[in-house]
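Each of the next two complexes has subunit A plus one more chain, namely subunit B in the first and subunit C in the second.
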Partner chain A sequence: MIQKKKHTGVALDASEKFVAGLAYVLMTVFALVAILPCLHVASKAFSKGTYVAQGAVWFWPRGFQLETMQYILFQTQFFTALKNTLIVTFVGTFVSVVVSITTAYPLSKPNFKGRRVVVLLYVFSMVFFGGIVPAYMVVQMLGLLNTYAALILPFAIVQFNMFIVKNYFEGLPETIEESARIDGAGDLRILVSIVCPMSTPVIATVTLLYAINYWNNYFHAMMYTQSTNMKTLQVYLYDLINSGAGFLENLTSGGLTSGSISPNITAEGLTATAVTLSIIPIIALYPLVQKFLVKGITIGSVKG
Partner chain B sequence: MKQPPNALADRNPHSMSPVARKLRHAGSYLRQHWILYVMLLPGLFFLFVYKLLPLWGLQIAFKDYKMFAAETPWKAITASSWVGLKHFRKLFGSSQFIKVLRNTLAINFLKILCLFPLPILCAILLNEMRNRIYQKLCQTMIYVPYFFSWVLIFGIFYSLLGSYGIVNTAITALGKSRINFFGDRSVFRWILVFTEGWKEIGYNTVIYLAAITGIDPTLYEAARMDGANKFQQIGHITLPGLLPTIVLMLIMKVGYILTTGFEQVLVFYNPSVYDVADIIETYVYRIGLGQADFSLATALGLFNAIVAFILIVGANAVSKKSLGRSIW
Partner chain C sequence: MKKAFALFLCLVMMLSLVACGGKPATTTPTTPETSAPKETEAPATTPETEPEKPSNVPQLKGPGNVTLKRLGYNTAFDPNKDINAQVMEESTGYHVEYFMLPAENADEKLLMDISGGADYDCVNVTVNQFRTLMAQGGLQPLDDLLDAYGQDILNSGHSEEVWNALRGEDGHIYAVPYMYPCDHEIANFMVARLDLCREAGITEMPTTIDGFYDMLVKLKEFYGDKYIVLSGPFYQASEANEAWAIPKTITAAFGIYSDWMVNDEGKVIYMTEHPNFPALVEFMSKLYKEGLIDPDWAVNTESTLKEKFSSGKTIICCGNRGLGDYAMPALMENLKLTWDDLGYITALSGSDGTCKYMETTAFNFVSCVPKSSGNAADVVNWWNLRLKDDLHITIGDEGVHFNYDANGGIDPINPIFAEERGNSYWYVDVTSATWGSQLWPARVRKSASQWHAFSAVTMNADTDRIEFVTNEFKFKPATEAYSKYNTTLFNSLKDYLLQVMAGIRTIDDLGTFTKDWVNAGGEEVRTELQSYYDSKK
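Up next is the complex of A and B:
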């Protein structure tokens, strides 16, 4: 990413020292601002209830308890929400990536008849969106409310991602395809066994972009599903944060749990725990994300 | 298109009319590459269902939509009666419309003003770090929040800024009174600006860093030989080298000014800050799916879509003309 600096043996003059010093100080501040809030939430998740309620937890757990974690995992809808999100993310990403590749390939052929019209259609739909009310009516008309399909449909093909793949395909050398064609391979065969293996970086990038879209999507999940067993992780999380104290009251007065709730379990702690649990998968996949998305940005975004 | 190629095979190509020659060519192309057209179908199917079919529903912006005018809500679209520009007149005359338009512009301009220069600064500074490991570490850390959903970010900042969050603990420790961050009209927009920066700066930094990598390193060598100090090198080599990317990013930001920030506001706001936080799309959502005033919501959505369309296409034209680069 970063160009290599040659050590020319020239002594650092004052301006270089100043800039380097500024770089270390400011970037450390930026990095801390990015990370400390996450650390704070994670600390709250494991701290004793009394400290959490007093607002006395900073960037490391005070006291240690796992009761809140157990509570979130086993007494709430967490696993249902996780299951829903996983299904939507896996199925959705698979569908999206396949559709993006099969759309991008014909459109990447300069001689493809009808290419201009189809590209124009995709560009138009990218810059002109009919609005959420008509989109809702379509989903309703198709009978997809409260189904996984309604959560996949909006992102089934994201034009921008498709164009990233198309641009990459256009940059592939023509000659390998040509020789395969002479050997008698058809278009589909060439796409599957030659073009796709040559395009693994861009496919990985687009796969991650789609997966993040599905995983993080809140709005469509909230709009298109109503029943509790269809809640995705984001909807579950939002409801938990917003209900806060009310959530706990309901539990104690509604007799949903046997006996009294441990003093370690607080509304703030519950939110923090759910947030922490949602961060974990992102952090776990982060090395992969970092690897492909740093590259992917250079491949796709700003195209000449 | 479906001209059988054999029928034309015995003809001398020079005696054929240009149209016939074209058809013959198209016919053999189709026969050879029909599979490419089959490949397009799944994508076109999804495009049709979710992106084009809703356009049919836009007509209710010019109708009095009655959900029960026909046996299904979808059929009711055609069954409802035309009312011309009634909803648009109502909309443009309402103070709500002025308010949400003002909020949309104010919030997004505030974001551009405060946040736009930061990733450029970050990229330049990261590039000046000699310690590669520490540099990578900083870059990795500022990039993390980009992958968080708005709900997750809301959870994190709710935890920090809530009545008993650590920020309020610190404020009370200093002897001041607690701030209700999410209910206070004077601070709420700043929360939107700050969290937007928190999420997006890392991503944009990576884009600028990639652009810096593209700058010819010999330029720096030469400048150094000529005795240019670091500030001069940044001012005369790095910034000009970044200029096309900076301009492109700015054009895109302005182009998308009406359509960004929806999910963030939807997740962060609450009725006590509607006055300063309600933007066009959140308002469309509330009147449409909340109050079931489908026609009015669709009219506002259509207005927004048309203006956004003009802005984005305009932004792309500007970018094409000034930089020779197209967004798509």
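Up next is the complex of A and C:
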């Protein structure tokens, strides 16, 4: 018979138990505050239109239906927007991580000539932003408007992320690199084969930070694209939330005559469905990467 | 450190040199090189009815020889994939690529695109956006092009006042009009649950403010707190008809129809200066104190308003013709209501018979051609061809998409109308003066609930009782103080009204409000409006 191993710890006195209990209650409340709005939105996405219109849906679908989901998936630009966002996020994150590492590495070397000036320039551009109009003019003059490059190149390097990597690199023992150099390795070989494998925590962290940045980018995606085929998920969502009601009004007969739209589909339901669908990838990714995100809060902040 | 600083300075200087020495953008709309429309080769196709053109007018490339790029306002569907894009191409012969402004920051994006020389051939914009673009020199004059290729547009029945509003300071026409389709729409009204009214002994909808008050009292006495007797306000405004915290249905009885009005002496006055304003506010305050209106009046949003009505909590709800679309499916399914169970309370008359409602004549949008376009002639030709085939493009074909009723009205056939012409409104660039009376009602009629409300409130409006007041400022050009201050003035007016209704402030505070109003630029706006009004005389 397998006997359960009893966990034994330090016994808590009454006041400590009270504090622990209070902490549990507070944490539960905070968790609910975060989860319930998501549940509310997801419930609306699957609820019958009349219940959504009445405001009678709370945290569980009423009159379960999938028509709104089908409509969003097959009658709107959801997949185009998702494709664009995935391309921008994957390519952008890759470019950004490569650029950040290759920038951070030389800047982490004390013997790199002009290091202070280059660092100063990065700090300067981190503190002072030229503004959206000059940025737009640069993108426009480079002929990047309405291309994926416009959504990636201006954000290829986020100075803060680069400094996290640089600080981490500075903390690595110099002796390992020296021994590799004695063995005949060049700078690139040392970076790829020695430094990067030793820096997976920081690389994972900045990868996540960059990915979130690209995934959430709304304003610049809106400014730098014109074609409807270039809409990203955030722009698509924003447009749907703002224009969905008017759009439905013109398509439906209010569900009262034989219009082309099911009465289950309401403007609020459309928005809720699109939001629910768009957060699925991020929700799926978070459990896998959250440990890196937590690490990222402190990583590179203390010089070793 | 010195070395580093010197290096930094060198870098800054080098960057400055590079920036200053750069080739100027060739597509900036204000540069003379690009300000003139590009001349093109001889036309490939010429319309049959094309009149003789002045020699300096750009030639047509013709349908099939050019792809036009049109920018419009934001919508949730993809205009390039919608069936109406195909209908437009089949009808006019022109292949067009459609683009949209974003739902938010549309003004900034438009300015950025146009000043950056984006290659749009035409843009469909609001009047304010048009005026900004025109003031910045980003548009092409259209007079000669309209003479050459847009005769149907010029002869579409618009008044000289409409065309004058589309002229720049140089006297040239810079846009074509897309008018709000209904000149005398009662856009804001109240929808009442007749089933509940009947139970309380009310069979007729009131037409006077006293009758309205009696109705509310009767409902309150009969139902107590079981229902919200009157829920509002409904802020969604129609074109040129801004809504505020007090329903227009009620203000009509006090002779108040807009925030800015012109009195009998020709003086521009603000709503708060109207002699009946104190009586109006006291009336609303009384309704609030007696519990006849929603206690959440000050915090209601359009969404909560609709939810309350759809869920059967409200007997009378402020709204517009879109309210039924939202609420009726739920009311029909859950409360088993029919159309006979809905009544409409339209603009009410005062005890002296006063009932003033502002006309709804206004621009919906206007369409114009950016300076950077090399296809201005084809754009005007495309608009003209589209206008000639307006019925087919906007409404469809008889027997397929619609039938004529006994009165000659257009009765849409669903679902094909909704499927194939549901989005045609987005493709409208220019309208004739008659489209509002002939074609547009069909677009309202496609929705049973909208048509029910529209026909009851607007089409069967008692025009002997309701006086539609001319909006003296409907074509007013954008002016500095108005653009700068009026939204703030309007919002503080709204807040003041809500505070008085809720008892936080009283009508005795009007002096303080007026002082704040003056400090917030009220007098400056009045001066502009007065000078515009005087200039029209």
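Worth pointing out:
One rule holds in what follows: the second predicted complex is superposed on the first by the 273 of 304 C-alpha atoms of A that agree within 3 Å, B and C clash if a C-alpha of one lies under 4 Å from a C-alpha of the other, contacts with A are read in each partner's own complex, and residues count from 1 in each chain.
Note that a contact is a pair of C-beta atoms (placed from the backbone, for glycine too) under 8 Å apart; a residue touches a chain by one contact, two chains touch by 3 or more.
None of the values given here were measured: they were computed from a predicted structure.
When both complexes are superposed on subunit A, subunit B and subunit C clash.
With both complexes placed on chain A, subunit A has more residues touched by B than by the other of subunit B and subunit C. Applying the stated contact rule after C-alpha superposition, one finds that A:Val33 touches subunit B and leaves subunit C untouched.
By the touch criterion defined above, A:Arg116 reaches subunit C but does not reach subunit B.
In the superposition on chain A, A:Tyr136 makes contact with both subunit B and subunit C. By the touch criterion defined above, A:Ala53 lies against subunit B and subunit C together after alignment on the C-alpha atoms of chain A.
Once the two complexes are laid over each other on the shared chain, residue contacts for A:Phe128 go to subunit B alone; subunit C is not touched. Applying the stated contact rule after C-alpha superposition, one finds that A:Tyr105 touches subunit B and leaves subunit C untouched. In the superposition on chain A, A:Lys44 makes contact with subunit B only, while subunit C stays out of contact range. Legend: residue contacts after superposition of the two complexes on their common chain; A:Thr175 is shown touching neither subunit B nor subunit C. Of the two partner chains, subunit B is the only one that A:Gly186 touches; subunit C does not reach it. Overlay on chain A, subunit C versus subunit B, candidates 63-71, 153-161, 171-179 or 297-305: the clashing stretch is 297-305. The interface of subunit A with subunit B overlaps its interface with subunit C at residues 53-56, 114, 121, 132-133, 136-137, 140-141, 219, 223, 235, 238, 241, 268.
By the touch rule above, subunit B contacts subunit A in their complex via residues 26, 29-30, 33, 35-37, 39-40, 42-44, 46-47, 49-58, 60, 72-74, 77, 121-122, 125-130, 132, 134-135, 137-138, 140-145, 147-152, 154-160, 162, 164-166, 168-169, 198, 201-203, 206-207, 209-213, 215, 217, 221, 224, 229-232, 234, 245, 248, 259, 262-263, 266-267, 281, 284-285, 288-289, 294, 297-298, 301-302, 304-305, 308-309, 312-313, 324-326, 328.
Those residues of subunit A that touch subunit C in the shared complex are 49-51, 53-56, 76-77, 80, 114, 116-117, 120-121, 132-133, 136-137, 140-141, 145, 219, 222-223, 226-229, 235, 238-244, 246-247, 249-261, 263, 266, 268, 270.
Residues 1-6, 8, 10, 13-16, 18-20, 22-24, 26-28, 30-31, 33-35, 37-38, 40-41, 44, 53-58, 98-100, 102-103, 105-107, 109, 111-114, 118, 121-123, 125-138, 140-142, 153-154, 156-157, 162-163, 186-188, 191, 212, 215-219, 223, 234-235, 237-238, 241, 268, 271-272, 274-275, 278-279, 282-283, 286, 289-290, 293-294, 297-298, 301-304 of subunit A are the ones that touch subunit B when the two sit in their complex. Residues of subunit C that touch subunit A in their complex: 1, 4, 7-8, 11, 25, 71, 74-80, 97-100, 102-105, 108-109, 112-113, 116-118, 303-304, 306-308, 310-311, 322, 324-330, 332-334, 414-415, 418-419, 422-423, 425, 443, 446-450.
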